[in-house]
Amino acid sequence: MSYDEFESKMDQNFVAVRYNVEVEGAAIKPEEDLDVQNTLPTDEPFRSIALSVLYEDRDSSLANVQKALKDKISPIEIINNGLMKGMDAVNILYTKGFYFLPDLMLAGDGMMEGVKECEKVLGHKSETKGTVVSFVAEGDPHDIGKNMVVMFLRAGGFEAIDMGRDVPIKDVVNAVKEYNPLFMTGTALMTTTMTAFPKIVDEIQKEGLEVPAIGCGGGAVRKDFVESFPMSVYGVEAYHAPKLAEAILKDKKTWKDLRKEYSKIVGEFVSEYS
Amino acid sequence: MKRFTKMVYKDSDDMVFGHAKFPVSQHWNTQIGAGYVVPEIKVAPVEGSEETKEGMVSECRNITQSACERAVAIGLPAFMVEQEHIFQQTNNPDWTAECTQVQAETLEKYYDEYDIRVSLLATPADIRIEERDGLRGSDYDNKIIESVEASAANGASCVAIETIGGKSVSDYGIARGDPKAILFGIGVLGSIDMEYMWKRIVDVCRKYDCRPAGDTDCAQANTAMFLAGGLLDKDCSHTLAALARAMAGARSLVAVECGAIGPLKDCGYENPIIKAISGVPIATEGKNAVCAHSDLMGNLSAAVTDVWSNESVYHREEMGGTTPEVWLQATGYEAALMNTAIQTGQEKILRDLYTLTDKYRDPQALVLAYDNAYRIGEAIVKYGKDPYLRARAAALEAGAIINEAVESKKMYLTRFERDSLDHALNIFEALPTESEQFTDDCIRKYSRKISEFDPKSYEL
Amino acid sequence: MKRFTKMVYKDSDDMVFGHAKFPVSQHWNTQIGAGYVVPEIKVAPVEGSEETKEGMVSECRNITQSACERAVAIGLPAFMVEQEHIFQQTNNPDWTAECTQVQAETLEKYYDEYDIRVSLLATPADIRIEERDGLRGSDYDNKIIESVEASAANGASCVAIETIGGKSVSDYGIARGDPKAILFGIGVLGSIDMEYMWKRIVDVCRKYDCRPAGDTDCAQANTAMFLAGGLLDKDCSHTLAALARAMAGARSLVAVECGAIGPLKDCGYENPIIKAISGVPIATEGKNAVCAHSDLMGNLSAAVTDVWSNESVYHREEMGGTTPEVWLQATGYEAALMNTAIQTGQEKILRDLYTLTDKYRDPQALVLAYDNAYRIGEAIVKYGKDPYLRARAAALEAGAIINEAVESKKMYLTRFERDSLDHALNIFEALPTESEQFTDDCIRKYSRKISEFDPKSYEL
Amino acid sequence: MSYDEFESKMDQNFVAVRYNVEVEGAAIKPEEDLDVQNTLPTDEPFRSIALSVLYEDRDSSLANVQKALKDKISPIEIINNGLMKGMDAVNILYTKGFYFLPDLMLAGDGMMEGVKECEKVLGHKSETKGTVVSFVAEGDPHDIGKNMVVMFLRAGGFEAIDMGRDVPIKDVVNAVKEYNPLFMTGTALMTTTMTAFPKIVDEIQKEGLEVPAIGCGGGAVRKDFVESFPMSVYGVEAYHAPKLAEAILKDKKTWKDLRKEYSKIVGEFVSEYS
């Protein structure tokens, strides 16, 4: 029996093709991308601040922001013209497939660090596009999906209230009261924990409250289940969350619209949506 | 029409998956039976998609694109999408045209971008109803041919069909354990109707860059198989189902005799017999078609396949993705195993393992083991010029194969299986050796008993 | 506690499916790793079944009986049902007791009537939440052990679990491509928590006719694998997922060191490493778990398996039957192929075909090919006494395996995969050789960054 | 490569077990079964008539009935005490697994032949337990399932109106008007033809009509789909049809009851019903 001998005979092209390697384009530096160039600020200190986000350098991000604040640059401008521009550039590269999730998470960490520093000077929370509440269903201990959703939302300029995991229905309803969110996201890993979603919707309705949409996703969650109760939208990828939030915010899309136009809103083919 | 009177394969041991004596070339750089096995994905359109043309087109696009996405995500070198038409699609050839076009465009996009080998099999539905204007020249009949043409003209790589000629009679026979009705329905009526259909289908396909693929005895032998069901079911005897399958080999061969070149369609469990006789590549289904039905030869049916299929699945979501994704991955991984065996020169060992896994699980599996399928092929070509006699010979040979295995204590039969086999073989042995006499007998007997059966549908 | 410092298998070529150095005997005449592969079926209870105990009991009965029916319908000689507990089941040990009991009764009925070998694996859920009363001594923690006991006392053949120790830290590391956090989460924290959990589980099982089976790094290495996804996904680097998997081998071994005897649980893709080290039988999943998730080693993961699983599937209907039927048939047919290979003496060829089908499909598949898994095992036992050092050694060896394959032009990497591998290996090489120093470093660094992480949960 | 050599090494018990052979009991003659003995009439000509049905002998069934009619035996008695008793015995053996579908179909053919002969003398249709209407959905050419349902219903003493295949919705609704059936059965092979069922229910409701239940089954039909509209019951096996009809007739079960008690009503474990 010679495993090596077998192996030496094989033409891999008839067995498995690494399409990721096959279709990879030439390497570029992040700031060489044309769309990134058009997004990055040209004037200092904003450019350096944005670049430190783009380079995923939390320490330099923090240092640059602290220096700018010492130079009496407006914290609002630092956030909007520096940190967020860097994050926009990161999002562009992620969408194009040059950047990957870790890039986005680390850049996000750097961006958030800078924002916190600015808020210290401001004395209050900075303005965001809107508030989104994110939770993991009761009985469910898995939260990496929720954590990604939160980071994508923050990277997209939204305030994401992170309620953690194994969150009781009551707490979610209270959060709707407290934050009046633009949108909610709930994740669940199991068929027997995703049943919290319709119960939450039910409670919200009973209280006479409303939330424009609750995006449900994760593990065993299916579209047909999610669409069996109102207010809900089946979310497929974590990075779709800010796009749905934008659609609600800018285009006044309702949960019914989101269900119908999901693919168009997130800008790509989604197998679950015909 | 050329009838097969000799075997193309000279030895059953020459048959193996991924290789056919006469490989088929299609556009998008796909070859079938040319040294690699192609996985197939087939998804039943969701309920409601039949309401409008737009709905159906969108459904077809989604199924195809989902399959493409998964194929490149897991690194499949090649795959085939089959679209089995729903009633409305075949009955409205403009639906066929638009659905086929959007599927072809989608596949071509991925072919262009990733160099992945893709193939599109269009299978119009045989929507004819014997008791409603007969099988020939009815509105339904014309729509089928129009849909074949719409498929061929709009980018299908190949076209298949599951014709239903003889079904009213064989259904009667299967439900009642009447071997003569089964032989008449499959061997005589089925063969006559296939000739009528396939001459026209081949003529249409030849006008386009589209291959006439093949037919399956889904309507007859598969009815027997499904009814036979599992080991503990009590609807149809498994030995009789095995004989029906052998006869189906004689019947489905007609497509090839009319010019079909393969791959023969997946649900034709008789395909190994036809491959042995004619050398055309075949599609088969087995352990990755559990979504669609339960058979007793999940591995064996892979032994000499060229296209490996999931048969059918609801279009919906699994935890692992949507069904076009999940089930292409299932057939894709099995095809990858077979292709590894080919690449390393171990294909005959894997073939034999597949075969031996199921050979004695059930009488039908036994007669379809490639060596036995070959024997049935030999029985068929011996009487190759006469559809009746060759179907009868196929059944008798299948019976002999089962009895030999029983005698050598490898196959065990229940009393029900034993009795119905003896009963059938006794009847078959006593039948006339003249086709005409048999046909006249049967017309007399079954016209009376089966209201749907109309000899005029077969020009009898 | 005995740590492994030597390999039980002396040569990777001795490893093959269906055979383990130390087979496990269970009631109902089932042996695991004793010369045949056992198919496994696992079905996720339908939504709503969690509402009442009666609903859950009925669900468990139905899943089990459906599986039994299909097993005898298609002639499977043996099979295993796994029940992965839902939250409510583990959180209410009386639910566990009643569910387990009805499943055991059902299986025993078929065992009595058909002589079919059956097995019941109960898997209580790890419902602990680190930031809520910690991992030790909380209400949730106590309920887990009570559920283990309820399973063992009510007829389970064996008990498994997927412990979540270290997950808060490894999740952070996986999402951010931080190799140090992954090593700390899996190698150090995961190993510490397993010791805490498994000493108690083994003690409970030994009081009953119930075997302590094993643990999987589902919470950590599988998170990396799922996030890595398909070839074109861009969430987690596939090379980093491969290193995480190697480290998981060092972690999941702890269950065996505490007295678990197998089969190690299906979703532990690291199991081949642990089988190589310890000789216990393993369950694995692959091409028949496409219902649950998409991996890039559907065949390779079968190479040295002893129990072949579908991982998980919705409880509902397919055309071919309900999912307990359909998916047991899927795993049952693959197990039958493996058993045929064993019976005919061709098991090593089939093992090698399985392996070579996926070996170069993905870096993680590469490091889990049984010869490479064996190498990682050797790296682990070399530092066997130190959980940190052996996890680090496993990762470094996995990196070396990948780099060798790249150098010999068999494995191709994208830039993302290349960069993250280099980055991780550089970090790992520069790490301290003292466990304490590494742990202190990590506690300082990650306590600050990860709010859920609490060193007290690990008695650090 | 030696296929035979491989084969000779195998212990089948580790690969595939023919449980049907393993668990088969001893052979018995049909009339030796105790329950059959208790069912068969003891007096002539009924015993001979019943036995010819039991032996699936259509010709002798017909001859025996003709002789009895000539002897002025009441056609009603011939049907009830002869033909139907024979069929009851057949049903007993089928349920026990000694008889198989072909036995039942052939015995049913013999029974029906005899009934027709009696009806000629009667001058009208004989009484049955009730009428059931059976059809195959529009667009669907496959009818073996429906044919089996019809035979099982007739064997169970019901009148089964066989509407054939590819039946337009309108015709089904008209049949409800015409026959006022106890129950209807509809079969479909495809996901895209089973959609006729809810449309039929809809039409029936629109017309202000009612049918106690419509049993839907075949090919691609699923329970969750069938239970997504009213009046419907998901039928799993053809031989369940008369049992459902009995439950409607005798126990006044509604379609809601049938859904809930399906397994109990058909008297066996049914995987589709938890």
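We call the chains A, B, C and D, going by the order they appear; numbering starts again at 1 in every chain.
Here is the rule we go by: contacts are C-beta pairs under 8 Å (C-beta built on N, C-alpha and C of every residue); 3 or more make two chains touch, one makes a residue touch a chain.
Because the structure is predicted, anything quoted here is derived from the model rather than measured.
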**Study point:** Selected pair, greater C-beta contact count between A-C and C-D
**Key:** A-C
Study note, to complete from the structure: So, in whole Å, the Cα centroid of chain A is separated from that of chain D by 58
Revision key, fill the gap. Rounded to the nearest Å, the gap separating the Cα centres of chain C and chain D is 48
Practice item. Find the geometric centre of each of chain B and chain C from their Cα atoms only, then give the gap between the two centres in Å, rounded to an integer. Key: 40
Point to revise | chain A and chain C, separation of their C-alpha mean positions in angstrom | key: 30
Practice item. Going through chain B residue by residue, note those that touch at least 2 other chains and give them in order. Key: 44, 46, 72-73, 75, 231-232, 312, 314, 319, 321, 325, 336, 339-340, 344, 346, 349, 352-353, 356-358, 361
Check your understanding: Using the touch rule from the top of the page, what residues of chain D touch 2 or more other chains?
Key -> 6-7, 10, 15-16, 18-19, 220, 222
Review point. Classify the inter-chain contact topology: is it line, ring, star, complete, or other?
Key: other
Review point. Hey, which chains are touching each other here?
Key: A-B, A-C, B-C, B-D, C-D
Point to revise | Contacting residues of chain B [partner chain D, same complex] | key: 13, 44-51, 86-88, 91, 126-129, 131-132, 164, 171, 174-178, 219, 223, 227, 231-232, 234-237, 312, 314-315, 348-349, 352-353, 355-361, 371, 410, 412-416, 420
Check your understanding: Which residues of chain C touch chain B in the complex?
Key -> 44, 70, 72-75, 229-233, 286-294, 296, 298-299, 312-314, 318-321, 325-327, 329-330, 333-334, 336-337, 339-341, 344, 346, 349-350, 352-354, 356-358, 361
Study note, to complete from the structure: Residue set of chain A touching chain C in the complex reads 1, 3, 6-7, 10, 12, 15-16, 18-21, 24, 27, 94, 97, 99-102, 105-106, 109, 139-144, 147-148, 151, 164-166, 190-195, 220, 222, 225
Review point. Which residues of chain C touch chain D in their complex?
Key: 35-36, 46, 58-59, 61-62, 65-66, 69, 72-73, 75-77, 113-116, 316-317, 319, 321-322, 324-325, 336, 339-340, 342-346
Check your understanding: Any idea which chain A residues touch chain B in the complex?
Key -> 6-7, 9-11, 13-19, 22-23, 219-220, 222-224, 269, 271-272, 274
